[in-house]
Each structure stands twice: as structure tokens, then as C-alpha cells.
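Letters A, B, C and D name the chains as they come in the text, with residue numbers starting at 1 for each one.
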Amino acid sequence: MEVHIGGRIANVELISKDGNNVVIRIDDKEYNLDVVMPEAGVCSILHNSKSYNAEYKRKDKSYIVNTQFHSFPVEIVDSQAKYLRNRKKEDVDEQQDRIFSPMPGKIVKVLVEKGQEMHAGDAVVVVEAMKMQSEYKVKRDCKIKDILIAEGDTIDGNQTLVTLE
Amino acid sequence: MIKKILIANRGEIAVRVMRSCKEMNIATVAVYSEADRTSRHVLYADEAICIGPAPSKDSYLVIDNLIAAAKQTGADAIHPGYGFLSESSDFARRCAKEGIIWIGPSPEAMEMMGDKITARKTMIEAGVPVVPGVQHDLSLEEAKKVIKEIGYPVIVKASAGGGGKGMRVIRKDEEIEEAYNTAKSEALSSFANGTLYIEKYIENPHHIEFQILGDNFGNVIHLCERECSVQRRHQKIVEESPSPMMTADLRKDMGEKAIMAAKAVNYSGAGTIEFLVDDNKNYYFLEMNTRLQVEHPITEEVLRIDLVKEQINVANNLPLRLHQEDIVQRGHAIECRICAEDTENNFMPSPGIIQQLTEPLGIGTRVDNYVYEGYEIPIFYDPMIGKLIVWATTRAYAIKRMRRVLFEYKITGIKTNINYLRRIMDASDFLRGKYDTGFIEKNSEFLLDEHYEGSQDETEDIAIIAAYMDYILNLEENATKTTDNRVISKWREFGKRNAMLRI
Amino acid sequence: MIKKILIANRGEIAVRVMRSCKEMNIATVAVYSEADRTSRHVLYADEAICIGPAPSKDSYLVIDNLIAAAKQTGADAIHPGYGFLSESSDFARRCAKEGIIWIGPSPEAMEMMGDKITARKTMIEAGVPVVPGVQHDLSLEEAKKVIKEIGYPVIVKASAGGGGKGMRVIRKDEEIEEAYNTAKSEALSSFANGTLYIEKYIENPHHIEFQILGDNFGNVIHLCERECSVQRRHQKIVEESPSPMMTADLRKDMGEKAIMAAKAVNYSGAGTIEFLVDDNKNYYFLEMNTRLQVEHPITEEVLRIDLVKEQINVANNLPLRLHQEDIVQRGHAIECRICAEDTENNFMPSPGIIQQLTEPLGIGTRVDNYVYEGYEIPIFYDPMIGKLIVWATTRAYAIKRMRRVLFEYKITGIKTNINYLRRIMDASDFLRGKYDTGFIEKNSEFLLDEHYEGSQDETEDIAIIAAYMDYILNLEENATKTTDNRVISKWREFGKRNAMLRI
Amino acid sequence: MEVHIGGRIANVELISKDGNNVVIRIDDKEYNLDVVMPEAGVCSILHNSKSYNAEYKRKDKSYIVNTQFHSFPVEIVDSQAKYLRNRKKEDVDEQQDRIFSPMPGKIVKVLVEKGQEMHAGDAVVVVEAMKMQSEYKVKRDCKIKDILIAEGDTIDGNQTLVTLE
């Protein structure tokens, strides 16, 4: 089965499982492990007597896994997921047609004008939320279609701030 | 004596104040917005009153609602914490008018320190060094003359400003005019007050502050310094006490000046004199915070005092329990501020539900917290979810302890700055104690390095295994689903079953 | 220098030792029985080795398995913690033979202090006061003569005994013969050793112990006293330091005797000299514990030292870092032992799964813990699940802080002695600091009073409401059941939904 | 509905529920409450601005509820529970036919002999488990039928130690 972690695609196979004792192959490396989940979202792995812990949060087949001072996005790509992935790819590819803030806040700065040409990564607005200022950027080359807010405006979460084309 | 205190705040500072109240047998009243019904301070308090909708301006900042809550519950004093209305002289004055004890300085002291120009004037009169500059409004021509006197670099600042707005650094003649004009227009549009002043610009200074404590009988002592130079965009991230750059002589000198500053405004209660210090140990008054500060615990740990208890004693009109000669720093304390933010994504706030939480414990560890498993961090307030404070006999041990404590702190469901803090504890400038307010910028690459520790491959494989095992167990569980309405989730049940029996 | 330590223990003490190792950059090896795979010490350590089945005698007490684990992981030292093999001179000797550093005293010192008669003889020779009595085996007739000399009350004790077995108090002539005979037969059947000795019986003495620290160069210092008189059936429940009955003179005197006691056996590392003290402040050597003790944190808090780090330094063959004149107690510390037990049902152990856990935090609070939400406390080991330690400037403040901390500690799923501990903090004998080892018995009625605080009716109604609301919400949830396999349980989801939106 | 708490039988009725606002009558007392469950097994109740917390553990309709320094057994007796209760009452009434320890341990002392007449509350054996000694007692007047263990024996959890008649 494919597991995606960051940019890497790993091939993962469960060889055997007997109680806590699990043998897993990741790419060409075979791991002989003792695995338990002592707590919700916590995984303890013993490998060659080394004790590793990972905490994770799951959403369907996507995980955020924290290991010691690292945080990884991990995705399990089983046959069903593969199918959905392929379909999705055909549908939309990084389609971004608006700028919005997930949180309510205040518009600190509008950095663009209507009709302006943008490059991927260019900043559009600065929003203050939870006492922090954040820049919102465009993910692809595009053009500013409309600006729906002004500096100083109070905005709701998910409100469309700027439309793109 | 005060019998019941309303804490006009939320989050960790509300809980922290209540802890001391509980230890003094003083009843506590929490106030909460509609978004905060499940916040720990509501659960912790003896009484709780809802004071309005989620946005601060409709709840935590509404003086009338706070006063009404105090009246309704019969609270005889209000503790404002930090932030919100803690520096509002209007609130302090209103409390006095309503016969409620304000746990803080007089409104007059707050006002004198609240306005930058008045504060500066007062400090000059009191003999406290200030940054060279001119404090009254200047025309462009006057500004040019003053700049010539002071020498570059200089900064133009809005008198009413804060948070970097209406500020411009000027390094050469050609920059003066544009800087002056933009600062003026920003000041006008942001604060409706175009008054500007000009100061010597201290490049990457040290931010060092002195805690002071005064009573209603004219006694003021200082409680030594806190080093707060680890800042990102003027937000403190890590603080320590003592400051690695401090000497006994400088401490005595700055401490005396801090006392003079506080006495100049008849200060009573806990407050902080912030100084800028340059590399030659010249120091300048920056501002006074007329309230408790986020980083007050490091002072508490090196001096082993409880600042909230001292505040309440002063509010009770008691003379100071401590004398200057009692104040001896012992050992070293460090504080890290834990924030719900995505350090790898421009420090964007990351609110959400806390799925799993393990707080560090054991020797030399203090956690000032308020969140818990299952709690949803609201989107309306500050992203700081708690503070880790360690104490140890030496600075080197304190850093090692902080590393241990950061290792123990585990949280899932939201993103935090734990990894980032851990890297600060490994940055060589920090380790050597040779840093100033330029630290974060200077070390930004190291602090955000993704390939930081250990083999990336190995830890990646561990992450893969954890996710994959969870996936497999889900498949199994779905196949053998039972109606299960026990409170302990099936995940825990699995953990148990797996450990004690066999899968 | 030691680079990797195997901790031959489990539970809170294993985690506590690992915390200090981590702060010294020393790698840690956990050992665990099959029942302990999910115990925190396994998750905390860098490495973990299974050493056998659940019963201690098949795992934690098997020297061969521990040595094998150390060999396999390349540990260069073993820390035994307390309990299990911590006082086994065989284990210490075996470590030496295998070239593994034993973090503890020499096997010879352990043996001299391990046998009661040898220890007593050594103490008399060293000039340390012992309870008046006769240390060699006595016939009944000899016993009668000795008793006449010492005066009533006296106690006959099995030389090899412990835990109250083979002990009899004699208060008058007529009781001698029966007491002698039953003690002898109990001693024979329990310990296969009928040797008895006779001592003055100290009625309800104070149990006061001195922490000592020695190095491999003949230096020994004492770290002042701990008051451990709050005991139930010889089990300590609450400890504090300083002792409320201690004076500076007595401390100096007993401290010197404690040092003499330790020097008499060339003691190296951390150890404890236990004394019985009567109401007239006469004190007598009781025994020496040649290991770290459960209650060591209160010494750490009043002296602000880390005893585990000091142990490791001594094992590294370093001279003592501290000198006697450095040792000054500051403030007051109290420890409460949290046990999974049913205080209302004869203190029966109460193992089980921890459903919900909130540990106290904040100023002056230390928690030495090892359990977590979802963890199942195994049935095979000690019911102690953690220790709450507070420090404050005065004893009165420390008691108030302990009350606050006990208020914050919340656990469901198992029964604990939290309520019982809370009552101890309200018992007037404890508050006045006027108590001895008779405290628990004398106050048993107060400590177990069910109608203890507040209106029973009101709190009963609160309990009814909580259960009833849960019941109702269950009905609702069952009616609107959705397939929900999110990790956060629906209970939390409900909490969230309820708070943020509406039911 | 009946709710049993310790020896008390309370009559509990839900009058209304609107969001967090709940009105409940317990016997003749009406409570106007704000109730939320912030965490699994934790209940926060505001009543006349007073803040109360209760933590509870549920098993079917039986609860152990902890309030500030009190622990209460609470039982919800709905119609189904009432029916089961009545049936159970007819079946067995405090029927105790053996002494056992819920935990593995060691027999420290046997306090009785075969055939001995016992009164309710008399102690039978002392067992050491988790390093603590516990006395096990009979709950009703009875007679010792058989003693299946001896002092010093190691026992398993739930093993029958003594039978009663």
C-alpha cells in the first residue's frame, strides 16, 4: 500500500501481526516491532529495544503525526483513496478562486488593487486574528478580480475577502 | 480584608490569579463570554457570570458588564490580570466610584505612565535615563535639527502609538522627509493623533525589565530583572531571570532607577519598568507596565514569592511584607510561552480542539495552564495556551531542564510552537547567553530548519508506522463493530486490550 | 562518566529518575514486566526491555534478567529506585562483578544496615543513641531480668522481622510469658529465625528521618529532617519538612548523629537515618534506608537540590558538590501520597482504568506522576499512583497550597485517598503541628467522616444532576446515532457542541 | 423518575431544556441551571452563578459521581431498571456463597475454621494484594462450608477462597 509522507511516497506492507508484535516492510526495510496504543491518538513503538512515541490526529485517511520534535502529514492511499484521488485530480487542481481567513479578525492591510496581476506566493491582505497578524497569499499565478473589504474592516471566519481569476 | 475577588480576565492568567486566591481563602468570581463557557477559569471559580458575546469588545472590554457582575456576586475587589482592561484607568476609576477595590495602581499613576510623552517627561524629572530625543511635537524642519544633534540612527514614533505602527527608523539625511511624512499620516489614520517624537534608535537592544512592588505607604522595592530579548515582532517568546548580561552593579543601579521611576508616580502594587539596554550596558527607560505581566512567574521562581498574593496584600492596605535587603535571586528560571500557532506557516494562529494533552511535571517544573483534553481553543482571543516555567540552580541546568520539559509536553489536535521553542534552547547564541532583540531574526533559519535533529528517515518511518497501524486497526474495528457506549473510547479500550491481552 | 542508566524499577520513581537523567543528557533504559508495556516509564525511556511476567518475583526481582537487560542495551549503570531490589546487597554485588556501576552504597554498608542487630551494634559503637534494650537473643528468664532494668512498656521484636510481624508490646509482668512465646513462634514461622530482642517501647513516637549524602572520599553531609509521623499501619501518608517539632539545636545534634551513623558504615550516595523521637525530644536510631526514599522530594524542595543528580554524581566518583554549611532549609514543603485505594472500605486497593485525570499545576506545585488518562493501573504492584508536593514560604501557606492542589486533582475510574488527604489537611492536630505516629488512629473518626464539608443535600443534588443529565443525553444520542469513528469520543463532541452551539 | 443516591431516593424530573439552560425538579426543589459537559465524564453546573463540577463514571445506569471531596453512588431507576430490580430482588437477596479477592495476592491469615458459625461482618481471611493487607468479611450470618486455601498461599483474582452456606 502507498503511504505519502511529505514529498515521499513509501510502499508499506504488513507482513505479520501477533498480539503487539508486528512486522512491517517500508520500501525495502523490514521492521520487527512491538506496537501498542496506550491512549487515544498515541502510538508507542519499540524497535530493537528503542522506545519511540508518536501522537497523531486522523481525518479519514489523512494523519498529522507528531514524533519527537517533528510533525508530518501522512496520507494512507489504499485502493479507494487512489480512486478518489484520481477523480479529484481531474476535477480541480489547486483551484483557488478566493482569499478568505478561517478565523474572524480585522483587515490590517490590503496589499493589492483590483485587476492586479499576481504571482504564486504574492501576498494579498494582512489580517489580524487572535492578536496575531497573518499574511494571506495567492497559491498560483492569477489576477485580482475584486476586493470586497477595506482596511480596518472586521471580518467573519470564511468570509470572502478577495476574489481571484 | 478582601473576601471575594472578581477576575476580569480569562485563560491562564485568570486561573493563575484564582489559584492564589484559593490559597488565601478568598472566594473567586469568573466572568466569561459566550465562547468561554467551558474555559477552565469558569470551571475553576466559585462563581461565574456571563458578560456578553464572544468578541472581547462585547464582553471582556465592557466595563458596565464587569461592574454589574461584581455587584451581582458581591465581589469586593477586581483583579484585571494582564491585557484587556488591565491598563484602563477608566476601569480603575469606575471601580473606586462603585466602592470596589481595584487590585492595581491608582488611575493617576496608570495615566501618567500610559501616555508616552508624559511618562518620558516624568522620568526625566525623576532622574531616570531615557533615550535621547525630543518629546514634543516637531515640524519637519525642527525634526531635521534635532536629528543632527542626536546623530543617526534615529526613530520617529507616534506619541499615541504602539505595536510598530507609526514608527520609522531613519539612517541618513535623504530618508528624513519621507519617514516623517508617512509616520505622521499613519499616526493620524491609526490613532487620530499626529503627534510625533524623535528618539535615538537603539539597534537591537536588550529588553530588560525590572519588577517593582509598592504599597500605599510610599514603600517601593524592586524584585530584580527579567531578560525578555527573545522577541518576534515585539512579542516575547522566551524570558529568563537573571539576565545573562546583568552584573551586580548594573542590577543595583537599574533597580534603584526602577524604584525612582515607580516612586515618581506614587506607584502602588506590582508593576514593571521596561528598559532598553545597549551592548555597552547603557540603559534607557522604555515604558512602565502598570499591571502583572505574562512573564511574572520567572521572578516568582528565583525569589520564591507569590506576586498575586503580594498584590492582594497591598490592595488590602497592608504594608509591604518584603524589604529590599530580603530580595536575593537564587538559581535561574526560564519561561516559554506555548502558543497555538503554526510556526512553519508564518506563525499563523491554530485554534481547534485539543485531542490529547500531556503536560510536563516533576522536579523544578511549573506549568501555568488553562487548557485541557477536549477543550476547544476559541478563535476570538490570544493564541497563548499556557506557560512552561523551569527553575534550576544554574542557567545551564535550567536550559537542560527546559529541554526535558519541552520533550514531555505533548499536544495533538492543534499546532503549537513547541518545536520552535525547543530549537531556541539549542541555538548557540541563546546557549552562550549572548543575544539581544535581534536574536530571532538572526537565527530564523536555524529555528525553522526542518531537518533539525536525528535521521529524518528514521523518524519518518516511525510516523508512517503510527499512521498505518491506526489505519489497520480501524479496518479491524469496523469489521467487528459492536455497539459500545462506554465513556472510555474504543481507542483506549484497544490500547488496554492490546497491552494486557493480545490483539 | 555514566552515559546510559538502566532504571531497575517501575512507576513514578522510574519516571522521576529518568527526568533527572534526561536533564544530564544520560540515556535511559526502562525495564518492564508483561503487565507494564503501557506504563509511562516505558514510553518515557530511550530504550525498553521486557524482563518477564507480571508478578514482581518473575520480573522486577529477577537479578539475572536485569543484568541481561543492562548488557543487551549497553547500560553502564543501574539505578534501583526504592522498593524491589533497591536494598539487595546481592544485586549491588552482582553489578560490581559485571562491571556495571551501582547507583547506591556499597554492598557492605547495605548489609551492615540491613540486619537490625548488626546495625544496632554498629550505632552503639559509633555513639548514636539507640532505644534502650538488649540486642542478643534472650531466654525467657533473661528477658524478665532485662525488662525489670529497662522499665515498662517494652517491646519484643524478631531480629529478622519487619512490618509488625513477630512484635509484642508488654506493659506488665503478667504479659511477659505469653508475649515472649508468641513473638518467638511468629518469628520462627515467618522468618525461620527465632532470635528475639527486647527494647524500651516508645509510645506513639515521632518518626523523624535525616537525609544524608556521602561520596567515595569519606565526605558525608546531612540534608536536614523529614517529619513522617502521619502513618497508617506503618505506611507513611503525608510527610513534611521541616518538622514542626524540630528546633535548631536538636536539628544540629540529630544531624551530627546521622552523619556519624553514615560514616560508621562508610556510606556513599543518598541514604536516610530514621529516628524515633519521644515527646521530650529524646531520639533513638530506628534504622537506615540505604536508598532513595518515596518522600525525598520534600527535601529537594526546601533545599532546592536534585537528589538523583547528586546520586549520579557520587556514582561518577565525583566529590560532593555541597558542603554542610551550604545546607539551609528555606520555607516549607509537604508531600501527599496519592494511592488507588478505597479509604471508606478499609483502604482496599482500587486498581482499574483511569477514565479522566486532571493534575494540579501552577505556582509552588510539583507532581511526581506516572499515570495518564486511559492507563490501567495493574493489580500486581503498589497502589501508589503519584505524589503531590507543595512548597511555600511558611507551613501555614504550604497547608493552604496543599488544599488548593488537592482541590485541583481530579480522577475518575478508580478510587483514591484524595478526600482522606484533604481531611488530614483540616485536622486540628495536623494544623497545630502537634502530632505523632498516633495521629491517624486518634483522628480516624474525623478523617473518615462522611458528612464532612458543606451541605450534604446540596452536593447530593449536584451529583444527581450530573448523573441524570448524562443519562438523558445518552437517550438522545442513542436516538440519533450516527456512525462516528472520530478519535475524539462523542462525549467530548457533545461537550463541544453543547458549549459552542446548543444541544 | 427515581434516582437513588446512597440511602436516599430522590424524585427527579426534567422540566425543560433549551441549549445549556436546564430546569430540573429534585423532590420539591426546582433548579434553574446552566449545564455543560466540557470533557468526557465531567459535568459543569452553574446554579445562581455558583460554579459546581462533578466527575462521573457510568456503568449502564449506575454512576459513581465525585463532587468536591465527596463520592456518591447514584443509580437511575427508569421503568426498565425498576422492572429488572424487582426481578432481581425475587431472585437473590444479598446472596453470598463464597469469599474471593478481586485481585491476585497472598493469603496472610485464615481467621476461621471449617464449620464455624459466622455473624454478618465477621472477618474470614486477610489477603495481601498490591502491598496492602485487606480483611474479607461475610455479609450475612452463615456457616463456613469449606476452606480452600491455607496461609501463605498465592491466589489468583476471583479464585474462591472460602465457601459459605
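Note that in this section a contact is a pair of C-beta atoms (placed from the backbone, for glycine too) under 8 Å apart; a residue touches a chain by one contact, two chains touch by 3 or more.
Everything numeric here is computed off the predicted structure, so don't read it as measured data.
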{"item": "Third chains touching both chain B and chain A", "value": "C"}
{"item": "Selected interface, A-C versus C-D, where C-beta contact pairs are more numerous", "value": "C-D"}
{"item": "Length of the line joining the C-alpha centres of chain C and chain D, rounded to whole Å", "value": "30"}
{"item": "CA centroid of chain B to CA centroid of chain C, Å", "value": "38"}
{"item": "Separation of chain A from chain C, taking each centre as the mean of its C-alpha atoms, in whole Å", "value": "48"}
{"item": "Sequence positions of chain A contacting 2 or more other chains", "value": "20, 36, 38-41, 53, 57-58"}
{"item": "Touching two or more other chains - residue numbers and ranges from chain C", "value": "37-38, 355, 372-374, 407, 413, 487-489, 491-492, 495, 499"}
{"item": "Chain C residues touching chain D - in the complex, by the definition given at the top", "value": "55, 233, 340-341, 344, 346-349, 351, 355-356, 379-383, 407, 410-413, 415, 418-419, 422, 450, 452-454, 456, 459-473, 489, 491-492, 494-495, 498-499, 502-503"}
{"item": "Chain A-touching residues of chain C, taken from the complex the two chains share", "value": "29-30, 37-38, 42-49, 72-73, 372-375, 486-489"}
{"item": "In the complex with chain C, residue positions of chain A that touch it", "value": "20, 34, 36, 38-41, 44, 46, 49-51, 53, 57-58"}
{"item": "Chain A - residues contacting chain B, complex", "value": "1, 3, 5-6, 8, 10, 12, 14, 17-20, 22, 24, 26, 29, 31, 33, 35-43, 45, 52-58, 61, 63-72, 74, 76, 78, 103-104, 129-135, 157"}
{"item": "Chain C residues touching chain B - in the complex, by the definition given at the top", "value": "15-16, 19-20, 22-25, 35, 37-38, 297, 300, 304-306, 330-331, 353, 355, 358-359, 361-369, 372-374, 376, 391-393, 397, 400-401, 403-404, 407, 413, 474, 477-478, 485, 487-489, 491-492, 495-496, 499-500"}
